[in-house]
Every structure is written in C-alpha cells, then in structure tokens.
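Below is a structure I'd like to ask you about.
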Amino acid sequence: MTPNQPSWKEKLHEIIYEADTRSGKLFDIVLLIAILASVVLVMLESVPEIQKTHGDLLNIGEWILTILFSVEYGMRIISIKKPLRYIFSFYGIIDLLSTAPKYLSIFFVGTHSLVALRALRLLRIFRILKLARFIGESNNFIKALNASKAKISVFLYFVLILCIIIGTIMYLIEGADNGFTSIPRSVYWAIVTMTTVGYGDIAPQTPLGQLIASIVMILGYGIIAVPTGIVSSEMTKLNDVHLNTQACPNCSYEGHDDDAIFCNHCGSKLHD
Amino acid sequence: MTPNQPSWKEKLHEIIYEADTRSGKLFDIVLLIAILASVVLVMLESVPEIQKTHGDLLNIGEWILTILFSVEYGMRIISIKKPLRYIFSFYGIIDLLSTAPKYLSIFFVGTHSLVALRALRLLRIFRILKLARFIGESNNFIKALNASKAKISVFLYFVLILCIIIGTIMYLIEGADNGFTSIPRSVYWAIVTMTTVGYGDIAPQTPLGQLIASIVMILGYGIIAVPTGIVSSEMTKLNDVHLNTQACPNCSYEGHDDDAIFCNHCGSKLHD
Amino acid sequence: MTPNQPSWKEKLHEIIYEADTRSGKLFDIVLLIAILASVVLVMLESVPEIQKTHGDLLNIGEWILTILFSVEYGMRIISIKKPLRYIFSFYGIIDLLSTAPKYLSIFFVGTHSLVALRALRLLRIFRILKLARFIGESNNFIKALNASKAKISVFLYFVLILCIIIGTIMYLIEGADNGFTSIPRSVYWAIVTMTTVGYGDIAPQTPLGQLIASIVMILGYGIIAVPTGIVSSEMTKLNDVHLNTQACPNCSYEGHDDDAIFCNHCGSKLHD
Amino acid sequence: MTPNQPSWKEKLHEIIYEADTRSGKLFDIVLLIAILASVVLVMLESVPEIQKTHGDLLNIGEWILTILFSVEYGMRIISIKKPLRYIFSFYGIIDLLSTAPKYLSIFFVGTHSLVALRALRLLRIFRILKLARFIGESNNFIKALNASKAKISVFLYFVLILCIIIGTIMYLIEGADNGFTSIPRSVYWAIVTMTTVGYGDIAPQTPLGQLIASIVMILGYGIIAVPTGIVSSEMTKLNDVHLNTQACPNCSYEGHDDDAIFCNHCGSKLHD
C-alpha cells in the first residue's frame, strides 16, 4: 500500500471520526438514529404496561442495538492509533458503561437483583451523551457556559446559603404541625420557593410564615437579574474582541487600535 | 381604462393588501374585529353551559363570520395577479384551513363524528394567526427571535438531555410507589421541575430524592442566565452596527454622524 | 405683603409640593406614614377575626386618616394656582377616589349593600399609588419601563396567541374528563404552564398531553431570553449616550466625536 | 524580639487572618470543614428520627465544634491589635451569637424552654455566614449586587405595590368561598402568582378571576426583563471602564494598551 492509498484502517477512521465524506455522513446519521432509538427503548421498557405487552420485542431491539454499539466500539478501537486514548476519554467511558450492562444482565436473572437491573438500565441512558459529538465544540453556547460557570457557581452557593438560613427560620416559625418537620425539609421548601418552582406539597400556614414566604418569593424573583446580567456582560465582552488584524511591518506585532498611526510595540509607523 | 386610472381590481388590491388609503385602513380594522370575534366565538362554543344556552346564537354568528372570511378569501384571489402564490402562501393556507371546516361540518351531523367536529373547531382557532399581518415584518422582536433561534435551540436540547438523565436517576431512587412509575413519567417530572413550573402532581418523597430535586431546581433557576446572556449580546451587537457609510470626498474619512455636514477629520464639506 | 415675603399660600405650597425645607420634609414623612397606615388598616379590616375583635378601633383609625387626607386634599387645592389642574391630574383623581368612599359609607348601612361596601374598600387601597410621588420621575427604572413597553407588549401578545393555540390543542387531546372542560379553561392552563407558574389545579393526564405540556414548558422556559435580551440592549444603548459636551466655538453645535478636529456642522476648527 | 522576627502573636495573626503561608491555608481548610460539619449537625439534630437514634452522638459532636469555635474566637481576639474592632464587626458578632448558645443551653434543661431551645438552634445556623470570608471581597458578583441593589429594590417595591392592588381586586371578585378569605391572604396569592411560584394552595375559581390571574401571570412573566436589562447594562458599563491612565510624555495622548511601549499617536517611547 502506497502512502497515497489510504489503508482500510485509515478509511475506517475517516468514516467514524470525520464527517467529510459521504460514508462519514451516513455513519453519523445511522449512529444518531441508533442513539435516539436506544434512549426511547430504555424509556419504553420502564413503562409497566408496555413492558408486559411488548417485553420480548423491546428485548430483541435492545440486543440489536447493543451489538451495533459493541461493533462501533470495536471499530473505534481498531481505527485509532492510540486505543487507550479513546478508551479512557469521556466518550470512551460512556460507550463502555452504556453497552456493557446488557451483557452483564445475562448473569442477573433472579428477581432479587431487581435494583441492580434497574441500575443497569440507568447506565444505558448515558448513551444520550454520545449526541454531544454532533453539537460541535466551537459552539458559542459551550464557550458561554464555560466562561460563566465560575460566576454562576458563586451565585448558586449564595442562593443555597440563603435557603438554609430561611429554611431554619421557617422551621422555627411554622413548626412540624404545618409540614415543616425538620430543618432539611424546611430548607427543601425554601429551595422550592426561592427557585419559583412552588410544588405546594409544603406551604406556610401561619400569617408570619406567609409574610416571610412572600419576601422569599419576591427576592427569588428579583435576584435572578444578577447572574443574568453578569453572563450578558461576559457575552457582550466577547463581542468586542478586537478584530483589527493589522500587523506592524517592522515587528509583526498585532493588536493595534483602529486609529493608531504608530506601532505601540516598536515605535515604527504602521503605514506610509 | 388609462394607465393613470386604476382598475377596480387594482383598487381592490390596494384596499386589501395595503393600508395607505382610508378604505384600506377601514378594511384592516373590520378584519381585525372579525378575527377577534371569531376566536372568542370558538372559545365560547367550547364552554358546555354557554353552548346549551346560546348554542343557536353562536352558530349564526359563526356562519356570518365564515361567509365574511370566504368573501375576503375570494377578494384576495381576484385582486392579486398570481392567485396561486397566495393560495399556497402561509396566510393562504391558514385562511383556507380555518374557513373550510364550517362548510364541511354540514356533512358531519351524527354524534359519532364528535372527535372530528372537535378537530374542526381546532382549525378555526388558527384564524388568530391572521393577526400576524398587523404586527409588521420589520419588527425588531421578530428579527431578535430569528437571530437567536439557533442558540436557544441548542440550549433547549441541552436542557432536554439533562432532564432525561435526571428523570432516569429519580426513577431509580424514588420508584413507582412515590409517583415515579416509569422513566417517561420521571422525565416529565424533571421537565416540570427544571423549568420551575412545579405542578406538584408528582413530587419526590425520599430525602435523597428531595436532595437531588433541590440540585435540579437550583440548576434550572441558574442556567436560564446563559441563553439570556447570549440573546442580550446578540441584540447589543445589532446596536453597534454602523449605519453611516458616507466617506469624505476630500480625505475619505468614514465615521460621520448621520446629520454631519462637514468632515470632522479635514473640515471639507461632505456633499454639495 | 412684599414680593420678598412669601404669602401663607406660597408657604403652604412649598411645604406640600416641595421637599427642600424642614417643614416640607416633615410633611412628606407624615404623609408617608399616613399612607402606609391606611393601607395596613384596609388589609386588617378584611380579616374576619380582626374585624370581629377590633372592628371599632379600626373604624376610628380609618376616620382619623380619612379626615387627615381630606385636609391634605383641601390644602393642595388652596395652595395651588390652578386647582382644576390638580383635581383632574392622576394624583388628584386618586386622592378623591380613595378618600370619598368613607363619607359615602355613612349612607350604606344596610347588609344588602355588602358588595358596594367591599367595592368601596377597594378604592381605598389606591392610596398606595400616592407613594409614587416619593420614587422620583427621573428614575432610570421608569425610563427603562417606558422605553421597553412597546417591545415587551409585542412579546406578551405573541405569548398570548401561542397559549390560545396550545390551549385548544390540549382541549382536544385531554378532554373534559381530565379537567380541560372548555377552551377558555384550557387556555388558562396553557398560560399557567407557559409562564412557569404551575398551580397544579389542572394538569395533563394522558401521555400525549404530558408530552405536549413538556414542549410548552421548555418553550416558556427558553423564550423568556428574547424580551430580556431586547431590554438589555436598550439599556446598554442608553449607556453609550454621547457624553462629549464640547461646543463648537463658531456655531455652538454640540455632538462631536471625541476625536473630531473640525466641527461637522459648520466646518470650523474645534480648537486651536 | 527583633523587628525582623515576628512574635508569636504576629505569627498567629498571619495564620488566622491571612492565607499566604502553608499554616494559613491549613487553618482555612480546617475552619471550612468545621463550619460545614457544624451546619450539617444542626440540620440533622432537627430531624426527629435521627435525634432519637443518634442524639447523644450529635450532642458530643456539637460540643467538640463549639469548643473549637470558642478557641478560634479566643485566638482571633488575642492576635489582633484592636480586639474591640473584631468583636463588633460583622464576623465578630456572628461568631459570638453562633457559639454562645451551646453554653447557654446548659441552663435551659426543662421542657418548657423548648421554643427557646429551638431559637438557640437557629443562631447556630448563622455559622454558615463565616463562609463568606472564603468568597473574596473583590468578587465581581458582590460588586454587581451592590451596584444593582438600588435599582432592583425600586423594581421589587413596584412589584409589591402591584401585588397589593391585584390582591385586593381578586378579594373582591373571588371572595371568601374560593379561598380568598381576606386582603392579606389575597395579596399572598398575588405574590405567589406574580413571582411565578404558583403553589396552588389558593387558585381562582371564577372565570373572571381566572382571566385576571392570566393577566397577572403574563405580566409577571414579562416584566422580569426590566430589572435584568438594567443589571445587564450596569455590568456592561463596568466592562468599558478605561483602566489605563497612562499619558504619552510627548503628545499627552491617552488611550494606550496596557502593554504598549510606544505611543500610537506620535511614536515616542511611553516611559524610560
């Protein structure tokens, strides 16, 4: 095989890992359909009525998909130069953890392993994370999430601390008769209220409790503006990223103001 | 008919499709009232008590409006050069689908066609989309929605994937006794909670479940900041779009105010 | 009385309408306390237990405040040059509508006028709008609300139209047995869900209904980003409002770029 | 002791108040763990089942932590030059109020002091505010919160006034039979709805009430855009703050990059 002629390994690699060729795109589409079908299958299996009626059909479908994903796993390992890099990567671990269970379930046949079986079902749902490949790494949304995560985290810890204090106060005021049976349960109520979810399974009954609850709700409603404002300004900062591509003819330095006449790095005139 | 004298067809076109003349504006107002009356009528018809008491009156009103809309449909077809363009346009299809049912309902008189009758009622509610004509295409809000829809879609898919994983985890933890009877139902709970709607029809009962639910709520409450930040920065980008392309005839300097008379860089007059 | 010596009318006007002098500030504080006390009184009167126990005390307090506000109304009319301007202004109408009822209630003594009595109580709650005087007209928040109201209105109408269509679809799918007894009630459910309020008094029971509800919730959760983005960019636009106060020595024109050398209005050099 | 050799007091001060040295960092980590353990302990104590089974263990743990925090309090007082400054500072008061109760609880042994005991538990939860030391004062989030608090407050008072008026209107329309038993209770419902929390413990039953509730919900859903927009623009303003105050010694031009060596306006070197 001459260097110009790609080996079957390289051809395989191109199909699986890249989406430039027709085969590559087709592979991606088939993989996408398989992932979605797999997730739907796991969800349907958990519905008791469907499990009773179509249990065998679902099991066959699950085996077909498991074999397909095992083949995909094998192809990925074969067609990459450093297999270990893939096996221990994020996608590699997901692929393994979400395909192995079906094989393991052959051994778990007794009814006493129901919890284990249910846990195995959980692992198969992680196949949905394989969809992340299709979103794209240079996506602005992912960048935004990364840039903001420190700030949003501080905000969320702040909200959590607030909820713990408010939960304790409400535990004192309302008491166990009104549903606030312990501090953790009261903190749970505070979080349900502050985040404006508001189940209603616990609700304050005393006038003082309802007054404090009102303050909590208006607070939770209002302070969402702060992290939103921080992220908005971060995004807007990214907008203004300097587009001036002018390079100094003398020292090649880039990064000049739009109206600069001299290079601020070496002093030469930018243009004659 | 001389070219200066508009034919009756052109006059009709001007009344229906444009709002410059007095007749055009009047047509628009009458149409607006008719659309609103039609939607209210459909809503009132569905209320059992009102249907019993005023059923005949509502039916008469519905026939009057249907005939009016049919006449409007006819006028639009006649007064436009290429009728097929209108018939297959968004508004053309809506007009047809929302007016035809009433005529079809003459044939559906038996009680066994109740579902079909109810489906026909659904189609008439789409008349409300004819209101879109009155909003205006150059509206900033529509532009904003278009520019952001890709980014918001990625965000919403991300939220959906998160909800499926969280729903599965809660299905494992809470189990069928606590309301989480299947994975789809648990995913439904996860969506209800993450979007902070919080019906309360399903709520976690176990302490571990309530702990995970708290994390889900705080997450859902916080990450709304990201798409909001993206859209805000998109909008702000639109602000800075430089609209003035005028160049000074003397020194070619760009960057003048819209109402500038002299170049602020060399002093020459911008235009004679 | 010499022009230098303010008449008692002018002194009164200064106390009531302005807050520069010590008396003016004191008047404002007393008025503020009276307004808050009045609102609290109306609220307490509506609680049956408190009305039974302290009904007479509350009534005395209400009469004291009513007389105080009547005196204030009288003083405002006397101390202003054009009394009719005040009587028909926003504050004038509020003052009249919220003070007159107590006098009218002398005539409504029979139990059959309970609804009228309750309606009169409603009017007294509008005294709370007198607080608006203390916020200040040059407040950024009021400006923001004004600048954005057109855009937010379009968004809210869009949401309303969406809710009507979704409500009708759910009415078809869920039907009266599941709580969706009519289209208006289904639209009410759609609004409760889309705005993420989520009472839970009506909730979809069928799988298809829950699927559509999930889409509605994720939509409502996501599109809040659009009006927020519009308002954010509006506010940011206000930030960039040009601060350059330079006036052309020749034509006094303001509004030059920071780096302008010549006046863009008359061509003269801006500075030697 | 020579000035170069730090006394044991200065060494202690460095460990406690600063985090530069290894001992300082270790102290911070131990303190952090102690605070978290203390909060978890308070929460577990309030759960009746856990209190019954492990009451003694929790009590021992609580005494250990109380002694630890008392030692920390003592060390802070000793190692600082002006002890009174710490005792009356925010952190000093929190440390005292959250540690003293355990000593006081020795005196409260009778069952009649249950409320006092529960109140004492409340004070210990304030230890969680000691975590604020670890967040950092130069944090952008705290700055953002400070800069926006005036504007957000105006917004929240506006929302409160709106809720009082809407609550009164709903009290009139729905009445006591439908859950709206008094104006305060109706205002509580208005706040629950406007902030989109939506417990569902009170919900409008009459069609007119549901119509007004729909308007309230759509309003509350939409106007969250305004404070968010204000905060976003505040944050964006902070972005554009020009940090470089360097002026060119030759032509006095300002507006250089932080890493500029030459003036981009005249070419001279910025500093020798």
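The letters A, B, C and D name the chains in turn, as written, and every chain counts its residues from 1.
Here, a residue touches a chain if its C-beta (ideal position, glycine included) is under 8 Å from a C-beta of that chain, and two chains touch if they have at least 3 such contacts.
Since this is a predicted model, take the numbers as computed values, not measurements.
**Student:** Can you tell me the least number of steps between chain B and chain D, where a step is a move to a chain it touches?
**Tutor:** Counted as steps through touching chains, the separation is 1.
**Student:** How would the chain A/chain B interface be labelled, same or different, where same requires over half of its residue numbers to be shared?
**Tutor:** Copies use mostly different positions to touch.
**Student:** Tally the contacting C-beta pairs at the A-D interface and at the C-D interface, and name the larger one.
**Tutor:** Of the two interfaces, A-D and C-D, more C-beta pairs touch across A-D.
**Student:** Taking each chain's centre as the mean of its CA atoms, how far is chain C from chain D in angstrom?
**Tutor:** 29
**Student:** Would you mind listing the residues of chain A that make contact with two or more other chains?
**Tutor:** 155, 184-185, 187, 196-200, 220, 224, 227-230, 232-233, 236 - these are the residues of chain A that touch more than one other chain.
**Student:** Per the contact definition, I'd like the list of chain D residues that touch chain A in the complex.
**Tutor:** Counting only chain D, the residues touching chain A are 39, 42-48, 118-119, 121-122, 125-126, 128-129, 131, 135, 139-141, 144-145, 148, 152, 155-156, 159-160, 184-185, 187-188, 191-192, 194-201, 220, 224, 227-228, 230-236, 238-239, 255-257, 260-269.
**Student:** Give every residue of chain A touching chain C within the complex, in rising order.
**Tutor:** 196-200, 228-229, 232, 236, 259
**Student:** Spell out the residues on chain B that touch chain A in their complex, using ranges where they run on.
**Tutor:** Listed in rising order, the residues of chain B that touch chain A are 151, 154-155, 157-158, 161, 164-165, 168-169, 171-172, 176, 181-185, 187, 193, 196-200, 203, 207, 210, 213-214, 217-230, 232-233, 236-237, 240.
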